[in-house]
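Structure record follows, encoded as structure tokens.
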Amino acid sequence: MPPLAEHTTTTAADALEDAEVAVIPTGSTEQHGPALALGMDHMAAEAFARTASDRDDAVVLPTVPVGVSEHHRQFDGTLYVTEETFERYVGETISSLAEHGVRKAVVVNGHGGNSSALRRAARTLREDRTAFAPPWNWWDSVEDLADDLFDEEGGHADAMESSLLWHLREDLVDPDALEAAEAGASEAWGETVHGAALGFDTIDFSESGAVGRPTQADPEKGAQVFDAARDHLHALLDWLAERPLEDCWAREHK
Amino acid sequence: MPPLAEHTTTTAADALEDAEVAVIPTGSTEQHGPALALGMDHMAAEAFARTASDRDDAVVLPTVPVGVSEHHRQFDGTLYVTEETFERYVGETISSLAEHGVRKAVVVNGHGGNSSALRRAARTLREDRTAFAPPWNWWDSVEDLADDLFDEEGGHADAMESSLLWHLREDLVDPDALEAAEAGASEAWGETVHGAALGFDTIDFSESGAVGRPTQADPEKGAQVFDAARDHLHALLDWLAERPLEDCWAREHK
Amino acid sequence: MPPLAEHTTTTAADALEDAEVAVIPTGSTEQHGPALALGMDHMAAEAFARTASDRDDAVVLPTVPVGVSEHHRQFDGTLYVTEETFERYVGETISSLAEHGVRKAVVVNGHGGNSSALRRAARTLREDRTAFAPPWNWWDSVEDLADDLFDEEGGHADAMESSLLWHLREDLVDPDALEAAEAGASEAWGETVHGAALGFDTIDFSESGAVGRPTQADPEKGAQVFDAARDHLHALLDWLAERPLEDCWAREHK
Amino acid sequence: MPPLAEHTTTTAADALEDAEVAVIPTGSTEQHGPALALGMDHMAAEAFARTASDRDDAVVLPTVPVGVSEHHRQFDGTLYVTEETFERYVGETISSLAEHGVRKAVVVNGHGGNSSALRRAARTLREDRTAFAPPWNWWDSVEDLADDLFDEEGGHADAMESSLLWHLREDLVDPDALEAAEAGASEAWGETVHGAALGFDTIDFSESGAVGRPTQADPEKGAQVFDAARDHLHALLDWLAERPLEDCWAREHK
Amino acid sequence: MPPLAEHTTTTAADALEDAEVAVIPTGSTEQHGPALALGMDHMAAEAFARTASDRDDAVVLPTVPVGVSEHHRQFDGTLYVTEETFERYVGETISSLAEHGVRKAVVVNGHGGNSSALRRAARTLREDRTAFAPPWNWWDSVEDLADDLFDEEGGHADAMESSLLWHLREDLVDPDALEAAEAGASEAWGETVHGAALGFDTIDFSESGAVGRPTQADPEKGAQVFDAARDHLHALLDWLAERPLEDCWAREHK
Amino acid sequence: MPPLAEHTTTTAADALEDAEVAVIPTGSTEQHGPALALGMDHMAAEAFARTASDRDDAVVLPTVPVGVSEHHRQFDGTLYVTEETFERYVGETISSLAEHGVRKAVVVNGHGGNSSALRRAARTLREDRTAFAPPWNWWDSVEDLADDLFDEEGGHADAMESSLLWHLREDLVDPDALEAAEAGASEAWGETVHGAALGFDTIDFSESGAVGRPTQADPEKGAQVFDAARDHLHALLDWLAERPLEDCWAREHK
């Protein structure tokens, strides 16, 4: 069915009656090094979410474009809101949808920094029996494939992300800058000193803003990543569409 | 210049250096009666905002798609967040942009229900000398033209809004439903009893969700409205780009 | 019946049993230009509210004297609280009254800056089915009369307000200062630039703090305004006293 | 000087220039047993505060009429707000006054339940070097006199309060009900079990709502109480007017 | 039964089934003058609480070691959180315990500054019918004995506290410093000017940080104080264990 | 030096002058399956923290015993506070310490659920230039050793935790219950469905509350784990004590 925003209230009534699950894309607008567009994360989320428009049992909500990116703020163009604001924005949106009867959802998330806020939002909605809305980070579903395709630990603006964007929006990747991205990149996310995770800001450990080996980027591999993750998303939507709402709620005291 | 989300952090550095003003589109996803798409308000805001991409002195931020629409919640498809959450989401986004040096902005707003939250956000940003970011409601700039073009008081999903969307996204208007929209519409916004504004929810005074006379909608008139409002927006951007930041701040005690 | 504060708990028990509606006066203590007393808004609200003491079906609460007046803060004597604090103060007061069984109320408001906070408070009380308590701004009920009596757009410390206070508290108007008030006044509220409402603070657009044509003030006209608005208030109280509480609550999903 | 609300902004400019201290009356509207009016506490505060209008160095603010009275809520007519809301309402009001240059104040308080919120507000204002605004509870200044005049421990709607109101507003005391008040009264405030202060609500330990021996009430004694407390208040105002602002702020780390 | 933290979840299931009441020790880590350890208040609370481990009907929770001590912050070593944070920390802990069925508790408190936060927490838990958890300040239960044993008004790091700690942890009292403590002490808590309680910080009225006459300290007397207060605590626990939960809740409107 | 709570304010003055870093132990009181005590996490944190008492450059604060454990709430004995409350409690405590001049700290954390709150607290303190206080999770420092010692993925009440507690407090491990713990345990933390992390509560994926293979527990291995992690902690303290405070703050915009 078309995205929710393209329905009238009349056609939405039917669509929401038919929908078993909702899909909410969330991302960020933040530095992704010298080679990738700032919108990488919300664009990826939107691209995955849009594939659900082919389904009769899923309704796609508008994309939430700014997220929890304070740790990238020293790099030009990064926008951010606080964790609490982001959690509220997404949680209340889902809660308002639930009033129309769709109470299962997948938050298709493109930005790791959003994860703990999304987990909290989902937890609260579940506690209150308002909705069951777990986040799904696209990269979590393709870890094995990523290991096959790329020789990197990565974590941000890496070969995998670069490949994906190259596949989705060729015009938003600057291949000539991948070298610079990698030259200034750290191998892995963060900075650990004797077991303590420091690295509060990306700039603490990455000169270019990237983490990983972006020069390995390849649009073909991006297509493989996209297809694989998309298939996982649809498997998840199938599973959730089938799952009785009652089974989604938090369990009682043992 | 391209929208912010399409820049890399490298090109953003230059773009933000050049930009005098930012443009942030905000709207809603809410019922607009049986004939218009739920995304009307954020789509209109986005359409106006995108015209600023032609300018060298303005940078366009991503669209905030869900707003303060609780009063439409009884109609299918309406999404909403609280005023406080919306105020925070927009205010913090602007504040994060200001860290990169762009401290004047216009919030291009497509939804009346967002106005008081946007005013508060702008007031706070101005008090703190973080940014000067007044909201601009597209309809406020074309009141005289609207009086010429349409015989209605209107206020929501009316002839003016219907015309505009028809112009922008013909596929998202259902002309056959305009009659039903008008049949169930109220003449004017709200419900007043002996001077007290009741009408807390749209459903209190409108059966179809519309307010005004949507059957007068006409895409040609929509084009006229769009062009006129767009010209006002650009005049505002010209004015703000020229205005020294110092003149924007709140004045001292008399 | 006497105002609530003059009852003992014993006589209050009976009075609250008899009361169908409560009346809560709210205003501000803020600059009203060089000719009018700072207490204008709460004094007007109190004057209207007190007329309800003649009714057997209405109980009058104490006056809330400080409101949402931050935008007047550059003028001497202005007091203010934040919108959120004001909303909470009034909303919680009404909620506490509701515990004694009086769940319909009119907030008799004398200050425009309070309006959106009062609307939010009323909306929340209604959502929770705690109370139905719409605000009533005295000036909204006499717009036509004001057009007949005064040649001004006005909006603050204008001819209408000056006349009303002159009628209510002659000692608190300085007729000799009306000329200065008008000389430094703006014609209309706020400041609009290409459709954008600027004018965040009164001082941005008014030198004297007044908006309108205060030299037209006249205590006789003030009396007319008072009588007309009072009659509207009582008509509203009649209407609300009759209205079943069930009809006051928010409607269910369509 | 006249109360602040009776000044225009022009005369307020001078008055605030002259004023060394402000006086803010705070109280409550809450049950005071069968014999005393609900407004007892804010009326008393107002009466004390008004005596400061005779001074050239003090400006009197409007009365805050509803306070922290949740613990009286089971008795008819009690109004209340939360501690946090009350703290904010008073604190923000004082803060707004400070913008006009008056940064020393006495909060003349008539209700014990307000005390901890007022202490917190005063502490915060002092920390921030916004204002020095200690609360003054009228009864705390006349403990010795009370011991001489009345044979009671008391604490609420007792002989001392009844006498004071009798003196101030004879029409708001019902002498015939004093017997009933005392018959249902507890001797002392609260309820202690093995050292634990229970008595969360007044109804937990008092049948009539009174605490003490109201039958000892006497308007002559009320006059003595009033005069003595008033003299203490003026001594406090003298002291505070003289005290350099610098000496009011919190001390540095030892 | 052993303290809760020493149970496994399996043995806790039985213990919580048997427990009628919980005991939560709360205190502070704050200056107690030159002679007593900073941990005085939480150590005392813990010592009293541990005596409840001998009971089969009481379960002892871990000690909350930092409290509302901002007013001691100018003295080295003082730690503190805000009242709101402390109230939440203790209230939520009790609320989580209530999920396991133990809904009556005594908060064994060693620090006067915690009292109003604990009262508020207890009030809220009671309102919500989550738990009945009154605070018990050890010194409130032994006022008469203190009058017999010590010739002081006291209030902080005084002879009574010094004696108690001497009894509990001899190693944490420096007898040689008691003289200095007393030399710089104030006689009584706070500072009153014409009935207004000033003394927002301890440093405002005490040079050494102590209030009272610590040189009277004596471990034997400390033992007497401990035994007497402990007996009161156990009497309170007996009483509360017997009290039906229904009798603990707030009463309905009169 | 002795723990802070055992100092007087006089000796604390010297100690805090000498101290380069503070150590704050945080943990939880929550189910650890049938074989381990509920206090596991705060006891482990406290044990590690206490080893810092041997240093002249470190001051040890009291243990925060209840943490972010809502996800264990269905198992008996689990206590918890919200993430926000925990973040505030720890953050404000550190902030109060910083007033005495110690502005570098390590939060020695024993509970994974506390991590994101501690990260946020540390981030805020760093942003404000109040303190630099990264959390250190003991298990993060010994991952390689754990892989050598135990054949498990684990994550909660597993062989590693069981071994550690067995080493620290033999009396608080029930070896006979380790089999039951493992029988009902999950292999790894959480529950993933097509890339989406479900498993909001432990009970969703573990019958016994344990995650891992507790039957491999061995006090000798616990000793190895303890020694290795302790050494890492001290290396971290050495590093932090040396690090100039200026180098700890967030970096400026690139």
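Each chain carries a letter (A, B, C, D, E and F) given by its place in the written order, and its residues are counted from 1.
By definition in this document, a contact is a pair of C-beta atoms (placed from the backbone, for glycine too) under 8 Å apart; a residue touches a chain by one contact, two chains touch by 3 or more.
None of the values given here were measured: they were computed from a predicted structure.
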In terms of residue numbering, is the interface formed by chain D and chain E classified as same (over half shared) or different (under half shared)?
same
Over-half contact-pair match to D-E, picked out of the listed pairs A-B, E-F or A-F:
A-F
Find the geometric centre of each of chain C and chain D from their Cα atoms only, then give the gap between the two centres in Å, rounded to an integer.
27
Taking each chain's mean CA coordinate, chain C and chain F are separated, in whole Å, by 56
What positions in chain A touch 2 or more of the other chains?
70, 73, 75-76, 99-100, 253
If we count contacts the way the header does, which residues on chain B are in touch with chain C in the complex?
70-71, 73-76, 83-84, 106, 116, 119-120, 122-123, 126, 134-138, 140-142, 192-198, 200-201, 203-204, 229, 232-233, 235-236, 239, 250-254
Can you tell me which positions in chain D touch chain C when the two form their complex?
3-10, 12-13, 15-16, 29, 31-39, 42-43, 61-66, 69-70, 73, 75-82, 85-86, 88-89, 92-93, 96-97, 99-100, 171-172, 174, 177, 209
